[in-house]
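In what comes next, subunit A is part of two complexes: it sits with subunit B in the first one and with subunit C in the second one.
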Partner chain A sequence: MIRVLRSRLLQATAVVLVVVTTCFALIRLAPGDPFFAALEEPGVPPESAALLREQFGYDRPLTDQYLRFLGGVVRGDLGWSHSRGRPVSAVLREVLPNTALLMASALLLGLVGGVLLGAWQGWRAESRLAAATDRLALVVLSIPEFVVALLLALGPALAWGLFPIGGMRTEFGPRGLAGIVDVLHHLALPAFTLALVLAAIVARHQRAAMRAVRDAEFVRASRARGTRERTIARHALRNALVPVLTLTGVILPSLLGGAVLVERIFAWPGMGRTMVDAVLGRDYPLVAGGVIVSSIGVVVATLIADLAVLWADPRLRTRL
Partner chain B sequence: MRRLSRVLLAAAAAAACVGGDPARGPVGGTVIIAAAADADALLPPLVRTSQGRLVSELLFDRLAEIGPALNTFGDDGFEPRLARRWRWSADSLAISFEINPAARWHDGQPVLGRDLLSGLAAIRDPANGSSLRNELSDLDSIALDGDRTVTLHFARRSLEQFYTAARIFPLPTHLLPPAGAPLATSDLARQGIGSGPYRLVSWEPLSRLELVAVDDHYRGRARLDRVVLSVAPEPATGLAKLWAGEADVWELLPAADLAEAARHAHVRVVPSGAFEYAFAAFNFRDRSDRDRPHPLFRDHAMRRAIAMAVDRPGLVRAIFDTLALPLHGPFVRAQHTSDTTVRQLPFDRAAAALLLDSLGWRLGARDGIRRRDGRRLTFTALVPGSSRNRERAAVLMQEQLRQVGVAMEIERAENRVFTTKRMAGHFDVVFGGWLTTPSPRGLRGTWMSRTPDGRGGQNDGSYASAAFDAAVEAGVAAMDPVAARRRFRDAYQIIVDDAAALFLYEPRAMAAVHTRLRMPAWRSDGWWRALPEWSVDPTARLPRDARPTAP
Partner chain C sequence: MRRVRWPLLVLVALAAAAVAAPWLAPFDPNAQPDPIGLALQAPTWAHPFGTDPYSRDVLSRVLFGARASLGIALLAVVVALSVGSAVGAAAALAGRWVDAALMRLTDSVLAIPRLLLLLLVVAGAGPLSPPLLALILGATGWMTTARLVRQETRRLLATDHVQGARALGVPARRLWRRHVLPGLAPTLATAATIAFAAAIPLEAGLSFLGLGVRPPSPSWGNIILEAEGRILHAWWLVVFPTLGIVVAVLAANVLAERLGADEARTR
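Right after this comes the complex of A and B.
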């Protein structure tokens, strides 16, 4: 197990390095100036932008900038965000917990909901309700996430007034325990939007896996021995979880992509919005810092998913 | 007698709690401004965006504020702010400002004359990129006379020297970073300790920013207790917050949402005015080699033909209906030097076609596009992807030009790419827009010939006219307001006659505001400047209008 962990950590470091390098190069190759706002304003002396570029080191050769950036990362310094006027680490410290809360809630809701729904659909594959819910999942999958988000913002939030439109807290709302409830109230719609799509994907995979396991020999043998149906289902579910857990590791990056849109629509102050703003603002250090953090997050989550697969399928452990 | 004094005391207490000065409206309440973007900075010399201006101008006071007439000539109509009075020298080359002794920074320190020097130094530091820097080129020297009197000496007289000086925001010298350290990365840049009617309470980047009224402000306490900037990056979300009553103000209401606004009883639409105008400027230099003149647009007749082929009023009506006005030149109507009698090139498609014929561009039989020496009459228009209105204007203009045999290709570019290409002159025609000020001086940066001292710095089409330059400079230098306006009118006429650009429209902006808010007239040069005078109708208060608890 430790060997696996060590190997995965090495792979993860390589992945993060490749991702960061690619991102660093791509964003600098894109046309556009980081000090765009200064240049847009009539009256701002043209040399101001040049001075700002010099001040932030953007006038140096690309390799020099890259080496300085890597040196900073090694020292734990992600640089200065010129669009936010603060150190990148401070900006990320502020927004990361918000995105982590959103993603974790969506992941929990989507995984639990999707696994339970898919397992039930697979176990009761012949029932009409199972078929109907499967088609419904397909419908959900075919609607883009931002449309789901907008529909939820306009329906349950605006028209019915059940949820706040956006943001993370009610202005001058309660504090303490009631404040936590208030945050959860604001979290409901964005998390549900992300979870809905995730649950639909997971349910379809879980259904197929459960159907395959349902007809497996060990299930038939258990049934022939007179084991209770609920016990058989529990064992079958553990076997059917393997492909879904593998899928979860793969699906995380797209969940992060979905979070970008959802955070924007629900005005959730998270990483996704920060990154979009940073890319549009050519805030190179913030983009690079965000990419490092998100790629580490994805790599760690994938590692956890792999460990979960090992837990679910003891046969894989013996092969290590 | 005792009873009477008790009654008077009770009345005074009630006035203090509910309203104080009835003429100014009741005290208390909160305004939540939904905005598409966060403030980019808090310190005035560093601010670029309108959200940044909103916040910084509530946090910081200027020396004096321009009056509602927005007259930038002389000091007529200017209202005292940090400077309680000022005095001109006999030769008008110096102005002495006396800082109000009651003025305090939000940390309790007095505002002093040296703070004006600090504000000026920040403007002059090119690393801060202040737009005022070039305008202060006529400022020769500054002298401190005691703690609170500062005299600004000018190298030459101009009608706008007071306007320019009054716009300097003093900065708290005692909180500035050490010499050489950048202002943008200083603690002060995050703390925003200013001298304005509101102080910063909290700033959650990308999310919200909260200001609270300064109780003992030297100009009197602002009416509203709190001002909150609530960031909603999707306009649909920001507007939905307003419809749901979660926000009170949305600054630029899209025309498509006017009907929706009418459906919500708690929302009213306010004409807000704007200092923004849009144009399609010709490039006078070759897009691939700026040392050469543009193959098409160096020719005055070609530019005239293009301009005459476009029905500008029709185009503006088609896009905005009545929510924008056609331009008469590089100015907006709210500028006091504006002149709507400037003679325009007529919309005359037949005359435009004849002009193109006379230039040797003959209609092609195959595709209806004109040709000369085998070359099609085609060019590319650079359009920012962020402006739907300019995109629509480009599409309509493309169709109108096609009718006279001119092919205009549209190149949509993301904002940063657009700016980079615009600045590099990589376009034939650019659909640009400028946010101008009450002063006509902006013409120096945007339309005057490029000079090493920074004039024409944003004249990306490289329009160059000695006559235009002379008229603008004469307008700037004139000491008689009537003569100055006449010279600016001359400049407008010259640039229109030169067909340097198609001056398209100035939007008639609309804002959506919660009906419980009472406010004076909406200022088109910065509506937030009147925010300290806004108040909440005591009979329509919401829970969020409750007085803030002490932190």
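Right after this comes the complex of A and C.
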């Protein structure tokens, strides 16, 4: 168990290192430095441009800059956001909790919904309804998240006025308990959008896994012993969970990409929106910071999924 | 083969519509005949998909948009497949630490949200031309192909006919070209459809953010962008390009699934 954990942690560190290096390489491949747009205007004296570049260390050799960048990331310093005039980490610290809230709700809703739906579909694979919902799931997962947001969420919300369509809180709205309800009300549509697509993907995998387990020996043996059908289904589900849990880590990056667009549509004050604004402002230290932080998020979530797999299938604990 | 017929037909039909756009489209996609009187018209016989805020014909824009969206996705698939199979085959053939290093690299790039990586490129390089966009889409989408190709190459290398050929003294290069590469074809077909199904929404999403195909050139994503803020009053601006996206992605998803199933069955 400890050995498995240690090797997973080592892998995670390697992944983060590659991500940071990729980001640095992409930043440096870009023409000039983060200042080039602002400082290469006519009228900016070359001396002050050079001075500013020196202050931010953009004049140093590349290896030096890379090591400083790497060292900064380890200390939680992601550089300077030129469009905000603040450290990148300060900007991200403000918006990260909001994105985390959105992603966590979407993951919870999508995973629970998808696992339950898929398990039922797999257990009752012969029923017409199961087959029809499976086909529906295939259609839903083929729709990009931002279109789901526009068509299935924003349209009805505008037409019937059931949910607020933008932001995270009512301005000058209630505080305390009522304030939490207010946030949940705002959260409903963006979270539902992401959860719907996630649930469709999860359900299809869960269905396949459940169908495979349904015909396993231990299920037939259990039934022959006269175990209650509910109990059999529960045991089967636990065995069919492993591939789906592993899948979560794989879907997460694309879900984060979807969240960027969904945040933009619902004006959710999270990382995605910040990053889109940063791209428009050519503020690539901020964009790179966002990429690094979200990749670390993915890595951590994958680790958690790995641990969950070990919980679901004790046989894997002794292997690597 | 019969099972893959209809998704394949759908994709071919979409591609044909894109190629034939200049002949099929009733109007010039960028013509603005009457930006005041004709703007945001609901679908009529003259404009079956309605018109956009600049009075342009949406049907013509969706048809020409298919050229951008499908073309970019196709080019991205070619790039992703080339890089991915090179990485996958190198890992499988070299083995040992090269294999371990390449696969760690693949896993690491997989952990980076692709859209965010694209945002980083756009932030650094500014707005991209369509071919460059396709290139970068492909350069960020090779990982699945690499994994599939590595796995299949390893399996093929261990099969009796390849082992036999090797025992007979077939040189490595010929062994690769005559005995392994043909066996990879079904895997490459599956990988291509998976890459295609991933590239279409990414391009649409980027264009929807205003960072992909730049207006006035239409793409499915940036037509939807025109509906921003008026979705109830201009549903046709969302629904018709979406139909294009969903049909293309759905067909690719079904095709990938059935190709994968066929592959598993012939094994």
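Here is the rule we go by: the second predicted complex is superposed on the first by the 273 of 320 C-alpha atoms of A that agree within 3 Å, B and C clash if a C-alpha of one lies under 4 Å from a C-alpha of the other, contacts with A are read in each partner's own complex, and residues count from 1 in each chain.
Just so we're on the same page, a contact is a pair of C-beta atoms (placed from the backbone, for glycine too) under 8 Å apart; a residue touches a chain by one contact, two chains touch by 3 or more.
Fair warning: this is a prediction, and the values are worked out from it, not measured in the lab.
In the superposition on chain A, A:Ile27 makes contact with subunit C only, not with subunit B.
When the two structures are aligned on the shared chain, A:Thr274 is found in touch with subunit B, with no touch to subunit C.
Applying the stated contact rule after C-alpha superposition, one finds that A:Val115 touches neither subunit B nor subunit C. Looking at the shared chain after the overlay, A:Gly155 reaches subunit C, while subunit B stays out of its contact range.
Once the two complexes are laid over each other on the shared chain, residue contacts for A:Val309 go to neither subunit B nor subunit C.
By the document's definition of touching, both partners, subunit B and subunit C, reach A:Arg282.
Legend: residue contacts after superposition of the two complexes on their common chain; A:Ala195 is shown touching neither subunit B nor subunit C.
Contacts of A:Arg264 after superposition: both subunit B and subunit C are touched. With the contact threshold set out at the top, residues 30-31, 150, 154, 158, 264, 280, 282 of subunit A are in contact with subunit B in one structure and with subunit C in the other. Partner subunit A is touched in their complex by these residues of subunit C: 104-105, 107-117, 119-126, 197-198, 201-202, 204-205, 208-211, 224, 227, 231-232, 235, 238-239, 242, 245-246, 249-250, 253-254. Of all residues in subunit B, those touching subunit A in their complex are 30, 32, 40-41, 46, 48-49, 126-135, 182, 184-185, 189-190, 204-208, 228, 230-234, 236-238, 240-241, 243-244, 246, 414-417, 419-421, 423, 434-436, 442, 445-446, 454, 457-458, 543-544, 546, 548. On subunit A, the positions that touch subunit B within their shared complex are 30-33, 35-49, 51-52, 55, 80, 82-86, 91, 94-95, 150, 153-154, 157-158, 161, 164-168, 171-172, 264-267, 269, 273-274, 277, 280, 282. Considering their complex, residues 11, 14-15, 17-19, 22-23, 26-27, 29-31, 138-139, 141-144, 146-147, 150-151, 154-155, 158-159, 250, 253-254, 256-258, 260-261, 264, 275-276, 278-280, 282-284, 287-288, 290-291, 294-295, 298-299, 302 of subunit A touch subunit C.
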